[in-house]
């Protein structure tokens, strides 16, 4: 049987002795490390690490690990850190509008237990995709949004997300710009899929723009949502070749398959606690 | 032995009967078609075709083919066309500054006879790469360029290019913006390699910009040069994955290998008369 | 509105005048060609063509096109040909065992009307995937197969396929070897997805074999089924990078996404009548 | 200025405390770690690590590091290890036959100082490529080989390699099978480029075989040479798409560009001491 593990994600100013201190802490307390990856970004002198260890025989109880780590290590090295346990599941909300390809792909992976997560609800500004939510037995909430109602509707959405203890939001081709207030409640917890190879073709209708420009490769980008439209930290990108033979509708069709893969890969990394964000860029561990 | 062939590249407003008319013309005059590819772009109702046939037993002499084609077909269908023969070699000039990777790659392919072309000269605004030109025994001309001398130097370059009957110019990481006057002398005859996945990161230092943006894929783009900087018709693009582990210098190193391939593929297509330009986009036949 | 079209797929020994004769035939009978792609394989002197034209104002009635084409053209050039109409839908049966990823992907595309086809039934040697068939409202037939019952069960399957007018069979990770007798009833009409980059790792457990061999790229291959196991004409292949960090289970997980794309692309090409088979290889038009 | 570093490559049976012990050893002796990557292969319970640290202020002199490491750590954990210094250059011999593309690519990278290495000599069984060696001013040795002379010629080659202190051999499309005796003198020190996507198409003429099989993707593989032909540990693989339009000669032409990249990437990893071999597979650190 797979053993219970803890995952520590951290970053701090680079200095000598961090790895040694952390591995020492785990070793002395009987933790068996099963994953360690780290990275130093010399352009900003920042050290990043993900470390995972078996906790069943760890000498510090799981409730106390955070406190001990903060006291004995994080303070000393000025770390920003988060702690996760393998037996915890993230709770993810999916936001959609009318396009079904990403939603279906996510629900299939959920349904086939490819991922360790709960999807308590789907939110949409249209009713179009309700039948799919029904097909997979997931509650579907319809929040029609106009310029005037946006603020009020977002407030209701936030209440609903809180009620369901949501800690990850996926915008699966959600055709609404989310407000700064909303985003501030979920920092680096909202993943969007943009249907272009960012930073090319920001905004709406990127496949049309790509076709007009005559590019020979199209792409998709998953990123955490920040207040700057389509400018948040990139998690994953994918591409495919196109030729003069392909119309905008072909770009859209081929792009859907890239979007699905790129979005699901980004979510997988997030669920595995393998992403760190610093200075609007991501460290994505293997 | 490989037989002599003629290649006709053409485009015209789409209408019924074009393929039939052209193939009929060739058939009736004893031409054996060995290549036919065509494309209709319904967004602009334009028909594109490349057709190649053996001319040794063709009933119309090669000197007369153009005239007959113009009279019997091009006028009728309002075609823009060009005619090429397999025993003619393009004459290509290479413009460089200080970076050697593309230059070396081009000269190697030339030297190993991968391509059917002549390279009568290399032009540079610096002397840095003269030793490589010497190594391959190709005349090297040094035109230092300042803001004040640009116009005069370009005039001299144009005279030199004319003297050498140059019909294709490759900017192999030439770090100068070529003037509109210069470009107008070589419409769709100047191929540039830009070291980004256009239209992302136009201008200088695209790898630095890509690194700052935190992209996960970098690329290179070859295109015909027009007056709009980095905005000419794209011929070919290539990409490779990058991660947080890679510094700007790694982007540059990996990018060089993409640039070489993307540039040489674009040149190969041009040399084979497989590219048609319309409305700032390319049709690139296989 | 999209107009009705006819598609002619053909191949014959290469000779002068084929394109001209066919385009002439269509032109003279008021057919507007909207697609023409052709290929000559000089290694076997065989000419291949796909041509599509609007038939609403075509002078020959659709019932008579085949007869006229056979009489006026096919006999003369010794063509092997097939004729298809855009308002006809292929009828596809899906064979599965226990793995759901390809099945789901196919049903999603079917359900979202990405393709023009009917899926009247799903056949399996296990009941595992019946709930998915139910979810999409498609009849599911369970044919358990042992060495002893294989022949009898296949006979029943064939009867069922006949009854449902099936003209395309997809083996979507169907873990049974189909007999030569079965295959002979559906020549080049059975598409399989093999979970390796053929011809590497023929047979079962290719991901395990790939891991043992230490490859750095894995792949998937879709092909028409012939009597030689995993040796039929390849339609499409796809790959992705792997590293030493990935276990067999990671290969399997990543492979699933490739398999889905490769299989669905192959089916799309078949449905568009863009595949010709000759000498155990395919011509796949764009 | 870049500081001098030491690199330790090691593997051993997995157990608790290895990272902590090694980082502790470096920390206590004033070593500043600038790279650490490690991997545990649970299928064989083997732990792999590459660690690099600045040595200018390291308390143990470089001559003594190996001894201390062996005594204090390697024995305890049963490690297989090697130690390298950033100011040491590998000395690489290139073996070629008649094809120039890989040779040119390697010499260009050498010449442009992309790599930290010396290339004291080129060895060939034909004189064809001597002019290229001359162009780059590298001694070229001609060893014609027949079945009868192979043993004697290899003995001379080995003497020459020894005389030049060669510690890395690259077979850059060397069309000879090297004997087991020769290989045994350079375990995991001979890198070959095979022009197929191994294990598909082992042996000679893989592009012909790939064309006959009708594959849609071709590839190249770099690997360490072992006694089993084309079966040594794979370092890197690359691929590109092909279609029915491409002849064997096109496969060969496109393949050359993949071979160059795949071979040079493998060499780069070797030169950076980022490859560990275990059980006929490689761990290739980023």
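Chains: A, B, C and D, in written order; residue numbering restarts at 1 for each.
We take it that a residue touches a chain if its C-beta (ideal position, glycine included) is under 8 Å from a C-beta of that chain, and two chains touch if they have at least 3 such contacts.
Everything quoted here is computed from the prediction, not taken from an experiment.
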item: Pair from B-D, A-B or C-D with over half of its contact pairs in common with A-C; value: B-D
item: Rounded Å distance, subunit A centre to subunit B centre (Cα mean); value: 42
item: Rounded Å distance, subunit B centre to subunit C centre (Cα mean); value: 37
item: Residue numbers of subunit D (touch at least two other chains); value: 243, 245
item: Graph class of chain-chain contacts, one of line, ring, star, complete, other; value: complete
item: Subunit C-touching residues of subunit A, taken from the complex the two chains share; value: 100-101, 104-105, 108, 112, 114, 135, 243, 245, 253, 257, 261, 264, 286
item: List of subunit B residues in touch with subunit C within their complex; value: 16-17, 19-20, 23-24, 26-27, 32-34, 36-38, 40, 241
item: Touching residues on subunit B, where the partner in the complex is subunit A; value: 39, 41-43, 48, 197-201, 213-217, 219, 233-239, 243-245, 247-248, 280-284
